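Below, each structure is written out as structure tokens.
The same chain A turns up in both complexes below, where it pairs with chain B and then with chain C.
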Partner chain A sequence: MTENHEHKQTFRKPYQHKQSRWWWLQNRFFTLYLIREATAVWVLLYCLLLLSGLVSLSEGEAAWSDWLNSLSHPAAVGFQMIVLTAVVYHAVTWFKLAPKIMVVRIGTWTMPERLMLIGQWLGLLILTAALLGLAIAWGA
Partner chain B sequence: MLSSQSKPQRQYPRSHEPIVWSLFGAGGMVVAFLLPAAVLITGFIAPLGVAELPILSYSLALEFCRSWWGSLFILVCIVLPAFHAAHRLYHGMHDLHLRGANWLMLTVFYGGASGLACATLFYLWILRH
Partner chain C sequence: MNIAAPSADIMKVTVQRYRPEQDNEPWLQHYQVPFSADTSVLEALQHIKDHLDPSLSFRWSCRMAICGSCGFMINGVPKLGCKAFLRDYSELHIAALDNFPIERDLISDISGFVENLETIKPYIIRDDPQELDTSQPINQAFIQTPAELSLYQQFSQCINCGLCYAACPQFGRNPDFLGPAALALASRYNRDSRDQGQEQRALFLNAEEGVWSCTFVGYCSEVCPKQVDPAAAINQGKAASTTDYMLNLLSLSKSGEKE
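Then we have the complex of A and B:
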């Protein structure tokens, strides 16, 4: 890179391809990519739901039980079904990426992608079962 | 003289990418490994009455949020996914051609996630006092 190149006047006028706003509908790969990115919307909304629970807990017992009751509203159940789908889809794509980002080599042996994939799914299963078990057993 | 000419001292703006990407990566881990269980609890087991959850009673929930490990769990489950989502949405807006001034987009997305983090910390602090 040359010095002061930002002061040079240029007359280049490159052709700029006009991409449609709907480019991601052109093929399946693009669409799945954008669905993966869109899982973030549901994640963010779920963060806000958790925060609202924290706020109502700080407001006292009545507010807390109101929040708990609001969770059984059909809209809330439907919303959290979408969140669960989004979170699981995120996990599917995240686990697939991990062996490509982080290749594990021990000596001359390279860990096969499939083994890492199985390990992550097993980890998720064990962790989910442990957390659910802990939540149910706590104080029981 | 020569060496200073061959190595021009240019000031490049520092990229925010290393910081936000590590938060994005950590958040992605939390979303993949911890949030499924959290959503199953708040979305199915509690509202549909699949199992008794004494931990969601007012006194035990308060005790949980006041303990250091409980508040750490809550913090991790809210803040890291929020930064993860902010990073994806910041780049997703560009993908959808919804472009704005960069300082504005940075403020809205990463600023928003930081605000959420501050609010979480604030309410966890309130619960202890």
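Then we have the complex of A and C:
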């Protein structure tokens, strides 16, 4: 067979679109996803705040009470409200995803998603109440 | 609903064009398309090609959400052209699927996706290849109960339309990611009671380009026209991958030996 370069000519030139760095603003679903992922940043900042509390505790009673007082500064309260919102949003969205990740099958029965959701919220409520009760009992 | 007579209403349809022999990047062309209550987006494109502009290129075949050929970005959302209707829009913007190279106009080059499908060995694997020797008459029945079928049936409904790849920002970032449909199909065969290929597929599923490139955006399951739910398949695969990893640590798994 002879090579015929004329027949090999091609106009193929696939256009590769580059993902925009603003892809997460493209639709609501992506934006809500990125907010969920970004809640980790707020949790990290809150962990640093708690860590600074631990450091001030090691520095003596004056430093500790200074740190405690600084928490009730309006800016600090605002920050804690943001962190709380972020954590709740994270919990809501992850609790919704959990039944997709973990399918509970007993024999031929599959646990319905709703039951798993309720179970997670009940668990969270009971643990929160127990922790709060413990903290109040400790303080009294 | 007022069922309009044919050609009663006209909709402005914007179509992304790309002609590799002339264009360096995609551009937009506007058409006025008559429609009635039952006009699908695919039919609108066919109207354009038949009556307004024969140079427009797009893929289609079955017209009923079985073949998976007519996936487009319709007003920014990955959808099948045959399953979206003009009556639900006030204006249409049709583009080629996101995250794939554009071959021409609305035609995407999905060969990368097809290669990913091949990678995960989407067929029944038996430890004893003699059992599947196609040169021999079938001498053994692979019986399966309805309960065993129900474990994977949902993940076997994929029509390879690629909408989930267009919906996946991780695939957009990294085309080496095996992606939603391929991983869901791997899950489908891993769950099949007749299959014995889990260890062979584990190599690909456990890799960086396997389940771990997924961050559970979940949009793939949202846009899937067949309710396959690839996000669920992949994220359940992460649990399996973790188990496999732990077994490897304890040298109990066979899949690690081949690495």
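What we mean here is this: the second predicted complex is superposed on the first by the 123 of 140 C-alpha atoms of A that agree within 3 Å, B and C clash if a C-alpha of one lies under 4 Å from a C-alpha of the other, contacts with A are read in each partner's own complex, and residues count from 1 in each chain.
In the analysis below, a residue touches a chain if its C-beta (ideal position, glycine included) is under 8 Å from a C-beta of that chain, and two chains touch if they have at least 3 such contacts.
None of these values were measured; they are calculated from a predicted model.
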### Task
Kindly classify A:E37 by the partners it touches after superposition: chain B alone (first), chain C alone (second), both, or neither?
both
### Query
Once the shared chain is lined up, is A:L25 touching chain B (first), chain C (second), both, or neither of them?
neither
### Query
Does chain B (first) or chain C (second) touch A:P14, or do both, or does neither?
second
### Query
Once the shared chain is lined up, is A:A76 touching chain B (first), chain C (second), both, or neither of them?
first
### Query
Is A:T108 in contact with chain B, with chain C, with both, or with neither (first, second, both, neither)?
second
### Message
For A:S65, using the defined touch cut-off, is the partner it touches chain B, chain C, both, or neither? Pick first, second, both or neither.
### Response
first
### Task
Of the two partners chain B and chain C, indicate the one touching more residues belonging to chain A.
B
### Query
Looking at the overlay, what does A:I118 touch: chain B (first), chain C (second), both, or neither?
neither
#### Entry: Contact residues of chain A, present in both the chain B and the chain C interface
19, 24, 37
### Task
Spell out the part of chain A that touches chain C in their complex, as residue ranges.
11-17, 19, 23-24, 26-27, 29-30, 33, 37, 97, 100-103, 108
### Message
Applying the document's contact rule, which stretches of chain A touch chain B when the two form their complex?
### Response
1, 3, 19, 21, 24, 34, 37-41, 43-44, 46-51, 53-55, 57-58, 61, 64-65, 68, 71-72, 76-77, 79-81, 83-84, 87-88, 90-91, 94-95, 120, 123-124, 127-128, 131-132, 135-136, 138-140
### Query
So in the complex, which bits of chain C are touching chain A?
18, 20-21, 25-26, 76-77, 98-99, 101-103, 109, 147, 169, 172-173, 215-219, 221-222, 229, 231-232, 235-236, 238-239
### Message
With touch defined as at the start, can you tell me which chain B residues reach chain A in the complex?
### Response
8, 10, 28-29, 31-48, 51-58, 60-62, 64-65, 74, 77-78, 81-82, 84-89, 91-92, 95-97, 116, 119-120, 123-124, 126-127
